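Given below, in the form of structure tokens, are the structures.
Same chain, two partners: chain A is paired with chain B first, then with chain C.
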Partner chain A sequence: MGLAVYIGKRLVRLVLSLIAVSILTFTLLQLAPGNFADLQRVNSGATNFGGVGTESMVGELETRYGADVPVWKQYLIFMKGAVVWDFGPSYKYASRNVQDIIAEAFPVSATLALLAVLLALLIAVPVGVFAALRQNSKTDHGTMFVVTLGHALPSYLSAAFMILLFSATLKLLPSGGWNGPKDLILPVLALSLGPAAVLARYVRSSMLETLREEYVTAAIAKGGPRRTVIVRHALRNSLIPLVTVAGPLLAALMTGTVFVEALLRIPGLGLYFANAAASRDMPLLMGTALFFALILMVTNLAVDLIYRFLDPRIRTVGGVSDDGH
Partner chain B sequence: MTATEGISAAAGESEQAERAARGPLARAWSRFRKHRLAFGSLIFCSLLIITAIAAPLIAPYGYEETDIQHKLAGPGSEGHLLGTDLLGRDILSRLIYGLQTALTVAFGAELTALVLALAIGLLAGYLGGRVESLLMAFTDVMYAFPSYLFAVVMVTVLGRSIFALVVAIGIASWVTQARLVRAQVMTIKEREYVEAARSMGAKGSTIAIRYILPNAIGPILVTTSFAIPAAIAAEAGLALLGLGVQPPTPSWGAMISEGSRYLLAAPHMLVAPAVLFALTLLAFTWIGDGVRDAFDPSGEQR
Partner chain C sequence: MNDEALLSVRDLRTTFGSSLTAVDGVSFDVRRGQALAIVGESGSGKSVTMRSVMGILPRTARITGGQAYFGGRDLLAIGDKELRKIRGREIAMVFQSAMEAMNPTLTLERQLTEHLIWHGLCNKAEARKRAVRALGDVGIPDPEKRIRTYPFQLSGGMRQRAMIAMAMVTEPDLLIADEPTTAVDVTVQRQILDLLKGLKDRGTGVIMITHDLGVARYFCDDAVVMYAGRVVERAPMASLLDDPRHPYTVGLLGSSVEVGGRELALRPIPGSPPDLSRRPVGCAFHPRCPRAELPRCQTEQEILTIGPDRDAACWKVTVDA
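The block that comes next holds the complex of A and B.
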């Protein structure tokens, strides 16, 4: 099967999945009890703007989406906007359009996620190689035990321990907010631990496998320096399988940003998504949810394509492979 | 005869003869018991479960009870072992009731997910044909839906109650398990003993429940035991976002988020829930490790 056909098939499936997700989200949210205006009346004054403008604005939005129009038509109106990247104004942040909020908040989350991936790789590769070279020793078991800890704890819990250590005890770093580069340190560190643990485990087992390969034995037999053999022959080849975990890993990272941003009060996409859900800001909730889904699906597609490129054997298997979750 | 009795009986007598007689579950259990970390975790988690059930008897105060004279009291102050929070509520008591919330939601959600996954996975895997394509198409759509997005949407729809969280987290996590069940069923249904049962005229439902399910139970138990800590983390995570149970019902996630806000004035508000939460997650994860090794002794050790 040609690459173009494969990509085409995957793109069609991506679009269908997105439509399914949007229908499901939209339908479910229609069933949600209570709307933004109700919540405003209950705790008026609690958010940026008091109850004054709310009534007229919600009325305005109701005419725009048409509360008198049947639900399926409301959905179509929403999707028409979504396709041309126009989700309309947010309820909560009344002066701003949802797409502008996304455009502003996404780079924040993406920065966190990308830096976390980089840091995770910087931690995981040496740790994994180190453990593999000392297989079954005490150091190996000890390292892998620490790795299990990193894997079992969600990133927001790591973030909680870090603010206890670095902010409350050592008073070195701010305990949240988003004012300068210093604020990047804790969230990136907290987000990277989970992925670092997963990656270290993969690097270790993949390294163990390649170390047993004949070409490594041959390189050693020919008298190559140990370090060169390990880096050039073993490590290089054992990094390819890492790409397969990249998909699920990035998905987990995006999930992690939501909670870490909420805990550390960082104005990223995750914080807006959570706030939208808590305040029933439907346009913002729909917009951010769809955007998150899109990012995850595109990431998975990209990972699959890269993997096919790196390991040509997969091409002969053909068919549409499963995307990771 | 229960599984435990079976094993203690077996230990005394000739192992070889007994081994053949014991089912896969009993064999896994004897392997699990030798896994020290996992077995210790099982004891710890059993204590947690008992504490959660007996919360009103064990907790020194009610979770809403305020001690106005001792707001933000530090740990070890009189009457409050772990101190009090902003409103003067006893943190130890709130942790114990928070444990109740966490475990109720986690076990409820996993039960929901398991029932859904078994029903859909068994049906799809066994019936095949059009039913299978239909069910699997549905599963694929759900698989494309990032599970935490779905949980957030579901909580928004259902409101902030224990029931809503059970449904939201359960529905958000059944998909992976359903796919696993189906894959298991597909391989097992080709085996000879299933063929034999079919040729002797056993009904489809009998084959699914009597022959396929018991042999698929290992991998299913493994994913389920890893799904429990994940569900505990999901409950706390939703609470962290302000989408957990309605206050004043305590949840560890809400306590962590509150603690982080008063970090400098009262770090003990964050320390206690964070440490207990971490220990609980680790213990449940180690049980999962033990279960995995027990069913797959040839697999990786850790």
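The block that comes next holds the complex of A and C.
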């Protein structure tokens, strides 16, 4: 199967999946009680949830937020815009279009995510290999104990702890904001600890599995220096499956991390998404949900393509020529 | 130690964990241009014996005694650094399944040339030439093209040949083949055996680890029969097949198909090999032995010389004579 055909097929599936996601999200949001107009009324003090406001006010808000348009028509109108990357104006941030908010906030979250996953890998690979090479020793158990702690610690807790330590006590780093490179350090650290722990465990078990492979023994039997055999034969092959873990991890972080962004006052996508959900900002919710789905699917596609590149067995499936026997 | 011997193993002992003795006092010699079969059921310690000599045991195993002389050096004493210079260069190994013993993500070129470079035998360009030649030697058509492929792109037979080429590319003096025909089709078996026979005829010493006497008889000159980690009989191949002496060898011959061109009814040995952590007292075979006599078989059996180049570890053989 040609690569182009493969990618083509995957893209068709991606579009179909996006349509499914949009219908599901839209339906669920419509079914949920309350809406932006109600919340506006309550928050402005004009009425309470159970009560009624003035007839004209209710009418005015409902017209403005399209309650008089049939639901299916609302969906179609939204999707017609979405296809050309126009999600319309946000309710809550009324002066801005949803796509502009995404365009502004996504790079922030993506930068954090990329750096965090990179740092996580830089920690996880050596730690995992180190533990695997000393399987069942005290160093192995000790390392894995620390890793489990890191895994169990939620990122908002480690973020809060780091703010206390580095900002409040040591006064080394800013306690939040988004003004310069220094502001990257705390969130990246906080976000990378959990993934580093997940990945380290994964590297360790994958490495252990590979070290038991006969081809590693065979490479040693060929007189290979220990380090070369470990790197070329064992490590390389045990890192291939890591891509499938690191990919979704990256996607999850890229779509925003509500707690860390809120704690450190970072204008990322997670923060907007959380606010949109709280205020029932339909266009922003729909736009971000679709965008998240898109990111996830593109990442998965990228993972599969990288996998094909790294593992010749997958690369050539279907295109294998045998020896002609 | 035998001066003629290429490899001379004496009284090798290998244990797993604290108490499981997988190889218990094994000795044998291999000469240049000679093929030795190490025969036994799975779990008899034949693979562990050769992996001990190569220094490629799993981490839980430890060599607790013996010597293995190769070119005047005791492989068990020289340490890993020195042993590494010999592994893959002077002693090469062929495994049961090339599918498992070759790295699936590296091309044949990489896998056939890397040890030439490790051992400093030649440069990269020369290594490639030698690898292509080695592939051609084992009968792989179009080796220039094949060398760029991955192991999984070859058929089972081709892959097994490629693994032999990988072992032979450094022109070792001794080749250890661990069940090299077990994982391949019967039609391929013969080709692989012919290939190994050709190597032997050109002067390479071969140690063939096998559970199949039919395979062993095809080109091996001598045989060592192992049971529960010990040698029970040692003899020239022809004498062993004509006149097996140890009851276990007799049983093994009776349970293998068409050995020595004789029609033999299949008579499998009753029972199964012992769990090595609960080794029977005395001769480990006596619980399965049709000729066992207690209590004499429950005492340690010495290796008894029963003829030129022949010995067996069973007191019955002296009674028979």
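In the analysis below, the second predicted complex is superposed on the first by the 244 of 325 C-alpha atoms of A that agree within 3 Å, B and C clash if a C-alpha of one lies under 4 Å from a C-alpha of the other, contacts with A are read in each partner's own complex, and residues count from 1 in each chain.
Heads up, the rule we're going with is that a residue touches a chain if its C-beta (ideal position, glycine included) is under 8 Å from a C-beta of that chain, and two chains touch if they have at least 3 such contacts.
Because the structure is a prediction, the values reported are computed rather than measured.
Enquirer: Under the stated touch criterion, which partner chain does A:V298 make contact with: chain B (first), chain C (second), both, or neither?
Expert: neither
Enquirer: Determine, under the contact definition given at the top, whether A:N237 touches first (chain B), second (chain C), both, or neither.
Expert: In the superposition, A:N237 touches chain C alone.
Enquirer: Looking at the overlay, what does A:E214 touch: chain B (first), chain C (second), both, or neither?
Expert: second
Enquirer: Mind telling me which of the two, chain B or chain C, contacts the most residues of chain A?
Expert: B
Enquirer: One more residue to check, A:V12. First (chain B), second (chain C), both or neither?
Expert: In the superposition, A:V12 contacts neither chain B nor chain C.
Enquirer: Based on the superposed arrangement, let me know which partner A:K222 touches: chain B (first), chain C (second), both, or neither?
Expert: Only chain C is touched by A:K222; chain B is not.
Enquirer: Show me the chain A residues, by the header's touch rule, that chain B contacts in one structure and chain C contacts in the other.
Expert: Correct list for chain A: 323, 325.
Enquirer: Chain A touches which residues of chain B in the complex?
Expert: 140-141, 143-149, 152-157, 159, 176, 229, 233, 236-237, 240-243, 256-257, 259-260, 263-264, 267, 270-271, 274, 277-278, 281-282, 285, 289, 300, 302
Enquirer: Which chain A residues qualify as touching chain B in the complex?
Expert: 17-18, 20-21, 24-25, 28-29, 31-33, 141, 144-145, 148-149, 151-154, 156-157, 160-161, 163-164, 167-169, 175-176, 205, 251, 254-255, 258-259, 262-264, 273-274, 277-278, 280, 285, 289, 292-293, 296-297, 323, 325
Enquirer: Which residues of chain C touch chain A in their complex?
Expert: 54, 56, 84-89, 92-93, 95, 97, 100-106, 114-115, 118-119, 140-141, 146, 150, 152-155, 157-158, 166
Enquirer: Going by the contact rule at the top, pick out the chain A residues touching chain C in the complex.
Expert: Contact set of chain A toward chain C: 213-215, 217-225, 228, 232-233, 236-237, 240, 310-313, 316, 320-325.
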